[in-house]
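We call the chains A, B and C, going by the order they appear; numbering starts again at 1 in every chain.
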Amino acid sequence: MRWHRRPDFKVSLPLVVTLAAILLGGCGLGKQSTLSPAGPVAQAQLSMLYESLAIMTVIFLVVLGVFVYSLIRFRARKTDQALPKQVHGSTALEIAWTIVPIIIIVVLSITTVHYAFALGTPQTGKGTVQVQVIGHQYWWEFRYPGTGVVTANQLHIPVGEKVNFSLQSADVIHSFWVPELGGKTDLIPGRTNNLWLEASRPGLYYGQCAQLCGAGHAYMKFTVLAQSPADFQKWLRHMRHDTVSATTPAEKAGLALFKQNCATCHTIQGTPFHGTVGPNLTALAERPTIAAGTLPNTAEGLAAWLRNPPAVKPGARMPDLGLSQGQIQSLVAFLQALK
Amino acid sequence: MAAITERVTLAHRQAPSYRGIWAWIASVDHKKIGIMYIYAALFFMAFGGAEALLVRIQLWQPNNHVVSAETFNQLFTMHGVTMIFLVAMPILIGYINAIVPLQIGARDVAFPRMNSLSLWLFVLGGLFMYTSWFMGGAPDAGWFNYVPLSGGHFSPGAGVDFYDIGLQITGIGTLMTAINFLVTILNMRAPGMRLLRMPMFTWSALITMLLILFAFPPITVNLILQMMDRLFHANFFNIPLGGNALLWQNLFWIFGHPEVYIVILPAFGIISEIIPTFSRKPLFGYESMALALSVIAFLSFMVWTHHMFADGLGPIVNTIFAITSMLIAVPTGIKIFNWLATLWGGQIRFTTANLYALSFIPLFVIGGISGVMLAMAPADLQYNDSYFVVAHFHYVLFGGTLMAALAGLYFWFPRIWGRLLSERLGRWNFWLVFVGFNVTFFPMHILGLEGMPRRISTYAPGYGWTTPNQIATIGAFILLAGMLVLLYNLISTFLRKPDLEQDPWDGRSLEWSIPSPTPEYNFAQVPLIEDRDAYWVAKRQGKELPKAEPLGPIHMPSPSLSPFFLALTIVIAGYGALLHVDWLALIALLAAFWQIGLQLVHEDHGYHVHPDVPAGGAAE
Amino acid sequence: MSAHSETTRIAIAHETSQELGLPKDHRILGIWIFLAGECAFFASLIGSYLGLHLGVAHGPTGAQIFDLPLTTVATLILLTSSLTVVLGVAAMQRRDVRGMQLWLWLTALLGLFFLEFQGYEFYTFYHGGLTLQTSAFGSAFFTLTGFHGLHVAFGVFWILLLLFQSMKHGINEDRTTKVFVMSLYWHFVDVVWVVIFTLVYLAGKVG
């Protein structure tokens, strides 16, 4: 038996710490990071992360220090003769390490209770915006009650105003998550959940379904465009306008194809097309992405989608319509004219 | 009038003897059953590990298409189901089977045939679930199997039926294990072994079995409700007809949270055996360790909605469950500090078993830290269902449970198999696993904070997720290398001649007090226990353990094939229900009940092993 | 240590002589623990029912469909069977095997009567528009009471097996334990019914 060896732990634990440092330092922040908050909710949640992580790191370092020290100091030696002192316990010590964690938990509980009520209560008062979010396999429907505006996969919100979301699902459970604006809340069939968020600065924020909802779960993304309140109001008015213009021959052909193939499922404001199975396509051309964040909203992206939707997004409800190359081009032209 | 005429007659015939594989199938010996549990758990671990590797390969780079999204969902679902139900629990139940009766000075468990039934329900139930891969696809709605996604409308294939029926089958077995070991530990301790003299592993087994007893019925009911929905078109989870999606979540987590303690408390027990042994000191704060186990078990039933913080249950519910969840850190902290105090002032030997046991401490503390962070409900809304959670529970389940299971394997291997595993290979095994584990799972904390949701089959570039994912995938292959070294160590050790060392580690509890290999009756004479760590104390005093009885005939239970066939019948009923072959399901169910009935009137009082010396001759 | 361990040793010696025959009987503690698990099982089923009983969709409500007099009779029958099983065990302890068999036959018969009532109830509900598929209430009602009914049916099967065994082979210490264990199960099934009767039928009729 080769028991009498020096412990190797002091080699490996710094390794882990170094690895963490490399990861944190080397990767930078992605575009959907909880660590770069853009609103008060995400900010509060990040402050809770820092508070708990700081306290917990101290505890970890204490444990690690005692641990590593013990391994080095009290390792078995060839010279060991007698048994070590047989200690069975110490009431004082055991009480101490019961009480100290309790104190820490009291501290963390106060923060928890404070923010649970502050963040968990729907906001009221002047300037709050209501948005109804409906989750579908695998796309997002956003409705602005009282305005008649309905859109999909790109949410518009005014900067500096609290937004109350009422969250519902049309099929299975989804979860609405925009990490830079705040934590997630589930959309549960048979229930309406509430969540409020606020963007402090204008920008495009990325969101994604966070609850397993089927084969297309990874492809259920959306974007949030936070604009100045004036721009936001302008957008709402714009969305109510009759906006469809099909002028070129390709666009006109696309309109006809749309009527024939797409109108039973999709709505476009200002046309007689009022299908509700698929996403509302009003002003589609103004969205940065299509297919719930799966493809860029370009001619190529649209064409790729129309060629075979389930190949782009697993489990997509929109079938392969068997469109010819020419038909796809016409439809792309029509869709790109939806402004 | 027939009064009670006959006394219980002892069957003096020898037990029916079975040969070869049948000797194992018919065995009611807790030691053999324990070995079969461990083998089966390692077998399923290979599959669960392969599934994990495929998941890691798929996530190697953005927009990867090594497996389809549908296959990906099946892979992580089966990975979770396998690792929890077919690896973590069975390997721990295997150790409990192999070791607890020895630790309490018993000759078997209370219900040896039922023990065999538990084993076969687990093995056959697990194989049943794995046949789903060849029968239209594995379950794909996550190990948590939330409705309505897992309902018949959104998951029309048979995958979820395999989940529902397979987990019911293995679950019945687990529940019977709980009854069996509760009675065994409460009733069959050697004379003088009061509860507060039991080894800590036995304590952890006792508390774990209580958790199983109360946690498994809710999941069984949940699975029954979903089976009614899926097979008979009931409406428990059908929202338009009055069903409720949250009912599943509540029942699932009322089971699910105690379940994580079912797989961690025995791990605590293993650590509490190994650290004192290799520090040559008694466990520090024994009473507070036992109390902490009990408090954790009690609290574990009051924290389930912390898995549901994003369900919108409101700030009142969320804060109550946040605080109860954080409270679990108190008894857990007591355990950590008591282990540190056990190390303090000891003579620490760095065997492979101890390396694994020691690594448990920092890894489990990291998992505990993220656990407390997750318990803070408002902040959890950012972590929930992200890779942060994946990192957290792998630190407690892999860094905790599996490290302890591997510690236990190296520690008890000489007791269970009569051989010592190679320490040289053990070191390679440990360091590869330890490094591979951290390289795999530490980056997942960062992925979660960077906004990567769980269970996504792929991701786009530009999110900052690629590098951590690639590091994690590399780590998974280091882990694979570590597990292959373990496999090589096992095979080469089995090819060696047994060394049959009785007490290679200078052990403390009764399992080391008997010859190796362990006789089928365990103890020729049941010892009399006058101390905690009685065997250790006797060794130090240079004495034998006192005996509680004279040498005499020893009662042994007869081996039996009936548990195996009962389990097989139940699995056939499962296939019948799943394939909608109603007559087969019905006949198999009736046959199962008939066999249960036969067990209820069964009369076989086993046989006796007689000592070579005349009865009473060798009494002290 | 010494005085204390001496008495321990003497007590043990006494126990040991018994243990040389058969090991200590674990079935009584075993059935109690099993019944604790069964409590959790029925608590989950009843909890599910309580969570869903308002989800009647377009089907009938409990208040509309429950037939209290009928269920009360069924309840009385089942409660009586708890008495008869006690009398059976008492007879067994007096070593009156014939008496034990008589009371157990009666218990099984009462169990069958209860199942008859339940079958009739299910039949009338089915024709009154409530099935497993009607609503969440229907699903929860039939599953809860159905599983209870299965427990009764299994109990009847168990009693019959023990009766046949005692008629064929007489009775001995081992078999008295078998009967006693069964009686505990039977009481449990009755007690569960009292809870179901209160929470499902009485509360359902009121609310």
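Just so it is clear, contacts are C-beta pairs under 8 Å (C-beta built on N, C-alpha and C of every residue); 3 or more make two chains touch, one makes a residue touch a chain.
Nothing here was measured: the structure is a model prediction, and the numbers come from that model.
Trainee: Based on the touch definition given at the start, go ahead and assign the chain network to line, ring, star, complete or other.
Mentor: Graph shape, chains as nodes and touching pairs as edges: a line.
Trainee: Looking at contacts between chains, which pair has the highest count of C-beta pairs?
Mentor: A-B
Trainee: Using mean CA coordinates as chain centres, what's the chain A-chain B distance in Å?
Mentor: Each chain reduced to its C-alpha mean, chain A and chain B end up 34 Å apart.
Trainee: Just curious, how far off is chain C from chain B if you go by their C-alpha centres, in Å?
Mentor: 31
Trainee: Taking each chain's centre as its mean C-alpha position, how far apart are chain A and chain C in Å?
Mentor: 51
Trainee: Among the residues of chain A, pick out those that touch two or more other chains and give their numbers.
Mentor: Chain A, residues with two or more chain partners: not present.
Trainee: By residue number and range, which residues of chain B touch two or more other chains?
Mentor: Those would be 243-244.
Trainee: Quick check on the complex: what are the chain B residues that touch chain A?
Mentor: Checking each residue of chain B against chain A gives 68-70, 73, 141-142, 146, 148-149, 154, 239, 243-246, 279-282, 284-288, 310-312, 314-315, 318-319, 322-323, 326-327, 329-330, 333-334, 336-338, 340-341, 343-351, 358, 361-362, 365-366, 369, 372-373, 375-382, 384-386, 423, 431, 434-435, 438-439, 442-443, 446, 449-460, 462-465, 467-468, 471, 540.
Trainee: So in the complex, the part of chain C that touches chain B is made up of which residues?
Mentor: So the residues of chain C in touch with chain B come to 1, 5, 8-9, 12-13, 15-16, 19-24, 26, 29-30, 33-34, 36-38, 40-41, 43-45, 48, 51-52, 54-57, 95-98, 132-140, 142-143, 147, 154, 157-158, 161-162, 164-165, 170-174, 176, 178, 182.
Trainee: Would you tell me which residues of chain A are touching chain B in their complex?
Mentor: Within the complex, chain A touches chain B at residues 1-5, 7-9, 12-13, 15-16, 19-20, 23-24, 26-35, 42, 44-46, 48-49, 52-53, 56-57, 59-60, 63-64, 66-67, 70-71, 74-77, 80, 83-90, 93-94, 97-98, 101-102, 105, 108-109, 111-113, 115-121, 137, 167, 171-173, 175, 177, 179-180, 182-186, 188-191, 193-195, 206, 208-219, 293, 314-315.
Trainee: Would you pull the chain B residues touching chain C in the complex into a rising list?
Mentor: Interface residues on the chain B side: 1-10, 107, 110-111, 175, 178-180, 182-184, 186-188, 191-192, 213-218, 220-222, 224-225, 228-229, 232-236, 238, 240-244, 247, 251, 254, 528, 530, 548-550, 552-553, 555, 593, 597, 600-601, 603, 605.
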